[in-house]
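Shared between the two complexes below is subunit A, which pairs with subunit B and subunit C, respectively.
Now for the complex of A and B:
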């Protein structure tokens, strides 16, 4: 079932007259637009509402929040060690759960709509398939943004609470010390706790999740079940983290046989480089992220997300429904 | 079918388009000290299959933290061999975390070396001293590798200087590394001073030490700390500095 014929038609409603028939301007039929942000917005809101009603979403979010929150009780170490572990665990949890959420939420979008038959109702209306997919992916991206914001807020709250506790402990322990020494100690505690590079790190975690959502949407356009999509995405996730090694190996001409060279080339060309988005490990370790690096990584993330969404639309246009 | 083939062709064409972008980004990452870990068979053997998969999936720091906590427990049980092994894994996984290099060196050069020296199961002093020196060397090795991975940060240079000073009593090397730390951005204010103090203990380099200490002294009240004044006094006597060029006595300074 396709709606290609509807694309450039005028919407007409029974009982309404055309302008030449002296009809009221407010009751006139609006001309059909080939691309409507309003229609995409409606699908986006609907998708977001649908996803937020899913139990799995709350399960993942609560589990992530518990993990972030519990990291402050994990180990009684020195304050530098504590902050290092707290940040590592929290950002790691954010990375895992946003990726999981992106894959799980997107994998069920099209199969669920086919199963519920809502896809037929939507596409029977003059809604192009591209708009349908854009609305769906925008809903997932919005959900991921909310999830990342909530997790980020909890993470900063835990970090702040731990920092304040340590500031009070330090002040109590150094009550008799000179003012300068106290200030130096407090500066050290604060410097270990908050690092402004964490924020771009969180944005990159979100971009990685967006990329995974777009890729999942692409896979789900030719998959028949969401289980198949999730399994394929799990493989892609691992291969994507190895892509950089395959690429370098292929381009440096280390490999011997042509079969392995072709294999490496296929891996390097088809899969995204997911290691490029794993910057938080080094950010927590104290490596500063420059604006140029952040911008380049963000551009790559947006590039992948756009490409996979457009490819998904291309496949979806040819899909028999 | 045709559409599927077309998708594959588009994917390959876009792959060729993204390749320079990815390579450029990877080069910037390396330049800015990201992607410092080589994922190879050596790493897999070190951290095991599960840890390797986790590290590959982008959870390198979490695996490193888990191993670090294990190392902490091993330290509490004084299992020094295990502490060494775990810290080798931790530092391999997180080469940019200064804390791990510093802790590893501290456990080896300070804790394990003392434990080796006080080992009651080893009656021969020569063997206890040998074990102690081996732990010093392990601590030094951690710090040297840490510096190799983090040449832009002063903390490990300072830790290595402390190790040379306190464990090897090598004032010349201690002065050199305090000096290297002082030259880097973010160095502590005392690094320059400590470099000069250590140099003042080196036979044959008293003149150089005197000039550096004098320079610091002339910078103003903030640098005129008791150790600096006492080292300057020692060097003035040793070098026979004329009375009119010497710094005033601390008593007269107070007046």
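Now for the complex of A and C:
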């Protein structure tokens, strides 16, 4: 702990005013508005700064090393296998890293602010609780967006580098072959490397992370510690991935009456069907993701994120601090 | 008639205890009124309900019964906090932010921006003596410095009411004196101050009125001078009095119906002694440093 004694002397305020002067508000701030994007923006930027300075982006380095390492290891496979595994590893790692980041980064936000009493100084200002929560979640979603963008860029870079290497190798090996055969081989290499479903797949991975962040925020509004939130979220994560199979089994074994359907709908709301966001297998297998499926999954992600954020706001509104 | 800065009417707060039928009573039937421009001290031992009362006034905790108002506005409404600055007990701000960034963040929450915010930050950093530490992260600040940056954030939007929860808790005597001087300066500016404390000597120096809480009940309230005055006693403090003069005064008292209770040398306070001693030590060290620098 340091203390600069030269800096200790408190100075006088320059002016003086009489008690009660200037209405009810302060003399400097703008008049209060019930909803302010500026206030939410301040909390968003602060949350993003907090998470960035906590060095959470180190995981991106792990991701890059994983990708470069695996691509070097796969050099001995056929190019179709290599690209398939590269996409599998990359998209799988992106999904796990963004999910993990969403849960761990969000779980600490509110309990930490309460523990440090920072929340008192924020909510003692004219800041509605809803804006505080929206700012916090927006900060995490921005962090996830940056993380996904960087991971996506690293993924495309590695994929492009491998494609270029293979194109050169193919051209060298087939130097004596007719032009049509070379073109055919190069088309095959390029088609294996890039397919148009990768981008929507990455968007769905991001939306799944957003959903998990909103759900974590909701759990953290009634949790007392970060650990509790993370443990509960770990359960929800696994149940969320298994619930589709469990639901199919249930419907096969039991009657599909309205009670069962309501029960399953409630379960689906509490434990979102995370398997529905798993489009990686289709992308790796080269199965085309239809526009309808993409939009349906995207809307589901946005719906869940909104619902959980609103539920978090509802619980947080009545919370005694 | 102007609205009181703070009005508390019939306030009761019960905290339920999990798995028990009974609740803990934090505050019971509390009535308070803080007038604009005064320094009001809410005193009481630990657990007497001071912090709970302040949190209810600030809308951080909801009352079980009763009503609280800030300048005539229900304190459950967010807009009532436009006029309020708050410093919690032992605050920990975002330690990854610098002093300047912290003030910018809180300023933006109050709707400030651009040049007015920049000027205000400079003004407040000068006020609390942290100009040189403005670029340092709060993680490296001492407790006293954190308290001062806390005061600066409470004042960022130039509020009309400042609520301070144990403002000098854990601060050394010099820092504590500076915070006390700042509170007096706020009063001179016409800013109302509501503070909670269990450091009675300090409260006695700065408060116009006090309320004493015990087990959530307001047991005493009023103007400080009226509360602590002893009606039938008078103090005379005489400088340069010779012993015969003092003896003569004493015999005069004995001849009358009055009674001399105590005769003693005037003393300074331990705090003043500490501040003088540490200030002399600082001066000696600084002149020694200057001498060494000149020799070099």
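Note that in this section the second predicted complex is superposed on the first by the 251 of 321 C-alpha atoms of A that agree within 3 Å, B and C clash if a C-alpha of one lies under 4 Å from a C-alpha of the other, contacts with A are read in each partner's own complex, and residues count from 1 in each chain.
To be clear about the criterion, contacts are C-beta pairs under 8 Å (C-beta built on N, C-alpha and C of every residue); 3 or more make two chains touch, one makes a residue touch a chain.
Here the structure is a predicted model, which is why all the values come from computation and not from measurement.
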| item | value |
| --- | --- |
| Touching partner for A:124 - first (subunit B), second (subunit C), both, neither | second |
| Touched partner set for A:88, first subunit B, second subunit C, both or neither | first |
| Contacts of A:239 with subunit B and subunit C, given as first, second, both or neither | neither |
| Touching partner for A:145 - first (subunit B), second (subunit C), both, neither | neither |
| First (subunit B), second (subunit C), both or neither touched by A:116 | second |
| Contacts of A:171 with subunit B and subunit C, given as first, second, both or neither | neither |
| First (subunit B), second (subunit C), both or neither touched by A:315 | first |
| Overlap of the subunit B and subunit C footprints on subunit A, listed as residue numbers | 318 |
| Residue numbers on subunit B that touch subunit A, as the complex places them | 3-4, 6-7, 10-12, 14-16, 18-19, 21-26, 28-29, 32-36, 39, 53, 56-62, 64-65, 68-69, 72, 94, 96-99, 103, 153 |
| Subunit C to subunit A touching residues, read off their complex | 2, 35-37, 55, 58-62, 71-73, 78-79, 81-94, 96-97, 101, 105-106, 108-113, 116, 120, 123, 126-133, 140-145, 148, 150, 153-154, 157-160, 163, 174-175, 178-179, 181-182, 185-186, 188-190, 192, 282 |
| In the complex with subunit C, residue positions of subunit A that touch it | 1-22, 24-34, 36, 38-39, 41-43, 46, 49-50, 53-54, 116-118, 120-128, 318, 320-321 |
| Subunit A - residues contacting subunit B, complex | 74-75, 77, 80-81, 84-85, 88-89, 91-92, 95-96, 222, 237-238, 241-242, 244-245, 247-248, 251, 268-270, 272-282, 284-290, 292-293, 296-297, 299-300, 303-304, 307, 311, 314-315, 318 |
